[in-house]
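Below, each structure is written out as structure tokens.
Common to both upcoming complexes is subunit A, partnered first by subunit B, then by subunit C.
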Partner chain A sequence: MLAIDKKRLNELLRNMSRDFRVYAPYLENGTGKFAPYREDRELYLEMNTLLPPKDIFFPQTEKMYRFRTAGSALEIEEIEDKKEKQVIFGIRSCDAFSIDCLDKVFLSRGYEDAFYKNKRENTLLVGLACTAAGDTCFCRSMGLNPQEAVGVDLQVLDLGEEWGFEARTAAGEGLLARYRDLLRETDAAPIPTQEFKLKVDVEGVPEKLSRMFDHPMWEEISRKCLGCALCTYLCPTCHCFDVSGKVKGEEGYRFRCWDSCMFSEYTRMAGGHNPRPTKKERVRNRFMHKLCYFVERYGQLLCTGCGRCLAKCPVNMDITAVIRKIKEAEVE
Partner chain B sequence: MNEITQKMRETARGLLNSGQVALVLGWEKGYPWYKSAPAFIDRGEDVDRLVFDEFCHNNLSKYLLDLVAVEGRIALFVKGCDSRGINRLIQDNQVKREQLYIIGIPCPGLKDPDDAAGKKQGDEIKDAAKCQDCRYPNPVVYDLLLGEKVPVAKRSSETQALIERLEKMKPDERYEFWAEQFSRCLRCYACRNICPACNCRECVFDRATPEWLGKANNLIENQFMHLTRAIHVAGRCIECGECERACPVNIPLMALNRKLINDIEELFGEEPAGLDPEKKTPLGRFELDDPEKFM
Partner chain C sequence: MNANPLVPIRGRIIKIVQETPDVKTFHVSTVDGEKPFAPKPGQLAMLSLPQTGEAMFSITSQGPNHLELAIKEVGQLTGALHQVEEGQECGIRGPYGNGFPLDYLKGKDLLFIGGGIGLAPVRSLINYCIEHRADFGKMHVVYGARSVADLVFKEDLFENWPKVENMEVYTTIDRPEEGWTGHVAFVPAYVEELAFKPMTTVTCGPPIMIKFVLQALARMGFNDADVITTLEMRMKCGIGKCGRCNIGSLYVCLDGPVFTLEQLKKLPPEY
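Presenting the complex of A and B:
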């Protein structure tokens, strides 16, 4: 396996940043996030970032087009993304799988989202193996391998003193060839991942949930929910957005921005009717989407076990506890 | 099990089994070990879920807004700060005192769950920021008090230290500081939704027509949101610090709230919110001799 001394990783990223726009994990004001590479800053590799990398492909606010009117004429100007080749370095298995989920949403089933596609197809993913499992991590329970990220071009393994690299695609091979000078052969073995403290059995849950829409459990589960969007905005897979506009005089622009099914106005229609009028319907929808609807549509769960919602929810809404409740629930 | 937890369970069991209350709001153990979560107990056999420990952060008074339709009395456990939240809601005509059975817990101060992440039970954990200079650890309103009142410790806090630092800054530097803080806001509204002073039926930020606040996440909209909120809760903030604890990106919201409290107390005399449900808030009434420094 090719490897680099851990102390020289910055050198590799510096070289890479000459050829690509490189995103890597950093700690900013106590918040872990993916940010453009900066030579003078220390990487944050101890734990996963609090903010997932989804905003690199799906920014929280994104302009879509500009318009201008002159009399009865309308002029529309498309906003073109810069097609910049980029690399995201240090994606954990949970977040790599979330990108796979987003690919399904934005690129499959007959419609390709141009904004997402443009960024996605110009991006190489470099996975980073986890050797420690955080208190709220449960990716293994969701069927993922913390040492082997789905869909990445290159997998980085922790060899102790060195970072090891294994290509997973031709593009990954290309990256290794390009920076071959900085790498050396090693026969060191990867450090295995620690035992997970948090485990949950999700077997059979999607099928069971499809019969639990009217179960009284939702009333009880949703009681403590505050109806904020913290869980959905920290979630690497949540991808709902709202389209909105700004108009000034004769011109303006349309933009999209993240929205959350936990907000009461998310399903509020013109005229005021709301098909999800209370927390019960909204909380139910969130769990149904993650654990049932997405599986029905795309054949995979929309929860990757990253544990961010559990770590940060101010009322400790625990998706693993919800899964256990579903397993125990009596269904006709 | 600690003594308070034991008393909580006995009290809740008595209240539910005798039919004196229909529902008990308390806390139960969550996951990981450094999280305790709100618990809704309506059956005597479930009272053993209740706990009190140094991670019982949630101000349960907020849930009273969801429970106006509950028939019968509601019992809830309150720390000092939480109890002021109840007075605030009574002041705003959101709940009726007679519908509540308030069980006070003199609060020894809580621990910071973020500091506990990755640590083991028994390790040294930092005091929660919001508890560092708590002025009212003892409940100010209750029907029953569990345990002995605790002394009020005058301690220095990170929040007051930050306020002092901000007060020494030039206006431009201060602007820069807050611009940096608000630029990372995710607009998840956890701060608003957890706040017992935020009890408008429809929040101005949720209105679509007119759209007072745009949905785009940018510095201008974020600043507008946070400053509007700070001014709106000024004089009504009961210092439970839940906004700052709930914020996932560590915006020091209590520095803003506490600065406004300091100024209100300086201008109108010491009148912390939520002490007296009969008295109007300093910014909610007019007196002929009100200071008019800003005019």
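Presenting the complex of A and C:
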């Protein structure tokens, strides 16, 4: 396996940043997030980032087109996305699989989302194996391998003193070839991942949920939810968006921004009718979407076990506890 | 259509028809005077005044060079639309959704049931069936509104449609009114009173009307697979990405808005 001394990783990223726009995990004001590479800053590789990398493909707000009005006339001008080759370094297995989920949403089923596609097509993914499992991590329970990220071009393995590299695609081979002079062959073996403290059995849950829409459980589960939407903002797979506009005089632009199914306005129609009027319907929809509807539509769960929502929910809503409740629930 | 499905093309509102005190029909062309796109009956369009907003509307009819959208004033964008004059440019994108199952409907007798502004999407199908009259059997339209003033598409109801061969139009209003010699009843009651034999039915209207129409049709022995309706939901993208118009694992913008009662009974009742 090709490897680099851990102390020299920054050197590799520096070289890479001459050829690509490189995103890597950093701690910014105490918050772990993916940010553009900066030589003078220390990488944050101890744990996963609090903020998932989804905003690199699907920014929190994204301008779509400009317009200008003059009397009854209107001009529309699409805002071109810059096509920059980029690399995301250090994606964990949970977040790599979330990108696979987002690909299903934005690039399949009849329409391709041009804004997402442009960024996605120009991005190489470099996965980073986890050797430690965080207190709220449960990716293995969701069928993922913390050492082997789905869909990445290059997988980085922790060899102790070195980072090892294994290409998973031709583009990944290309990266290794390009920076070959910084790498050396090693016989060191990857450090295995610790035992997960958090485990949950999701077997049969999607099928069972399809018969649990009217179950009294949802009333109980939703009672403590504050509707703050933190879970949806931290979730690497949540992808719902709103479209809105900014107007200044006779010109302005239309943009999209992250939205959340936890908000009552989300489904409220102009006439006032709201198909999901209370927390019960909204919380139910969120869990049903992740654990049942998405499976029906795209054949995979919309939860990767990253554990962010349960780590940060102000009222300790815990999707693994919800899954256990579903397993235990009595269904007619 | 624009290569980017979320970016509208420039349209122009070439004609505005005041249907009722709060419903206007907007005829929309491209700025070059062409039809923005060719929708199937029952499909949808995203119409925008970018300064105000964008929303999904059913396309009620179309001509060689324009689309027609009948819009009730209920919110911000519809309020702004009701203020504009002919010649106003707008954004338009589409068509979206599945539309009515034309192949399935061919050769059948058809019953159309509408209430209020709910006749708008159904009208696209009625007009299609009239244009292809030989392809369909006997057609019946039952339509009602709160008052005479609230009846939409009066020219179709009282002039155009009754003249069509083998087509009956039954119009009703909720309460008696001076000068009205037609029927007075709520739509579901009128449908039962007319005692139709079971046939393929397309219905759209306010949720409460649909609820009672479906109950009436069930009592009359109509088959769930032959009862077709079209739903509305809040939508932002129209292409199955933004998330909000789901009913279970289906998206109304993509998999709907047209569903049979048989399909709806398999979905969560969340619409």
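Operating definition for what follows: the second predicted complex is superposed on the first by the 332 of 332 C-alpha atoms of A that agree within 3 Å, B and C clash if a C-alpha of one lies under 4 Å from a C-alpha of the other, contacts with A are read in each partner's own complex, and residues count from 1 in each chain.
What we mean here is this: a contact is a pair of C-beta atoms (placed from the backbone, for glycine too) under 8 Å apart; a residue touches a chain by one contact, two chains touch by 3 or more.
Since this is a predicted model, take the numbers as computed values, not measurements.
Visitor: If subunit A is used to align the two complexes, do subunit B and subunit C fit next to each other or clash?
Guide: fit
Visitor: At the Cα centre of subunit A, what angle separates the centres of subunit B and subunit C, to the nearest 10 degrees?
Guide: One gets 90 degrees for this angle.
Visitor: Should A:Ala321 be classified as contacting the first partner (subunit B), the second (subunit C), both, or neither?
Guide: The answer is first: A:Ala321 touches subunit B but not subunit C.
Visitor: Quick one: is A:Cys261 in contact with subunit B, with subunit C, with both, or with neither? Answer first, second, both or neither.
Guide: The answer is second: A:Cys261 touches subunit C but not subunit B.
Visitor: What is the contact status of A:Ala311 with respect to subunit B (first) and subunit C (second): first, second, both, or neither?
Guide: It touches subunit B, and subunit C stays clear.
Visitor: Check whether A:His239 is in contact with subunit B, with subunit C, with both or with neither, and answer first, second, both or neither.
Guide: second
Visitor: So after superposition, what is the minimum Cα distance from subunit B to subunit C, given in Å?
Guide: Here the least C-alpha separation of subunit B and subunit C stands at 7 Å.
Visitor: Same subunit A residues contacting subunit B and subunit C, which ones?
Guide: On subunit A, the overlap between the subunit B and subunit C contacts is residues 242, 244, 259, 268.
Visitor: What residues on subunit A touch subunit C, complex-wise?
Guide: Within the complex, subunit A touches subunit C at residues 64-65, 67, 69, 72-76, 78, 105-106, 109-115, 213, 239-245, 247, 252, 254, 256, 259, 261, 266-271, 273, 275-276, 281, 285, 288-289, 292-294, 296-297.
Visitor: Using the touch definition from the top, list the residues of subunit A that touch subunit B in their complex.
Guide: 28-31, 47, 50-51, 60-61, 134-136, 197-198, 220, 223-224, 226-230, 232-234, 242, 244, 246, 255, 257-260, 263-265, 268, 279, 310-312, 314-316, 318, 320-321
Visitor: Hey, which residues of subunit B end up touching subunit A in the complex?
Guide: So the residues of subunit B touching subunit A come out as 30-32, 35-40, 57-58, 62-63, 66, 117-118, 180-181, 184, 186-190, 192-194, 206, 208, 214-218, 242, 245-246, 248-250.
Visitor: Given the complex with subunit A, which residues does subunit C contribute to the contact?
Guide: By the definition above, subunit C touches subunit A via 2-10, 48, 50-55, 74-78, 84-85, 87-91, 207, 232-234, 236-237, 239-244, 246-250, 254, 268, 270-271.
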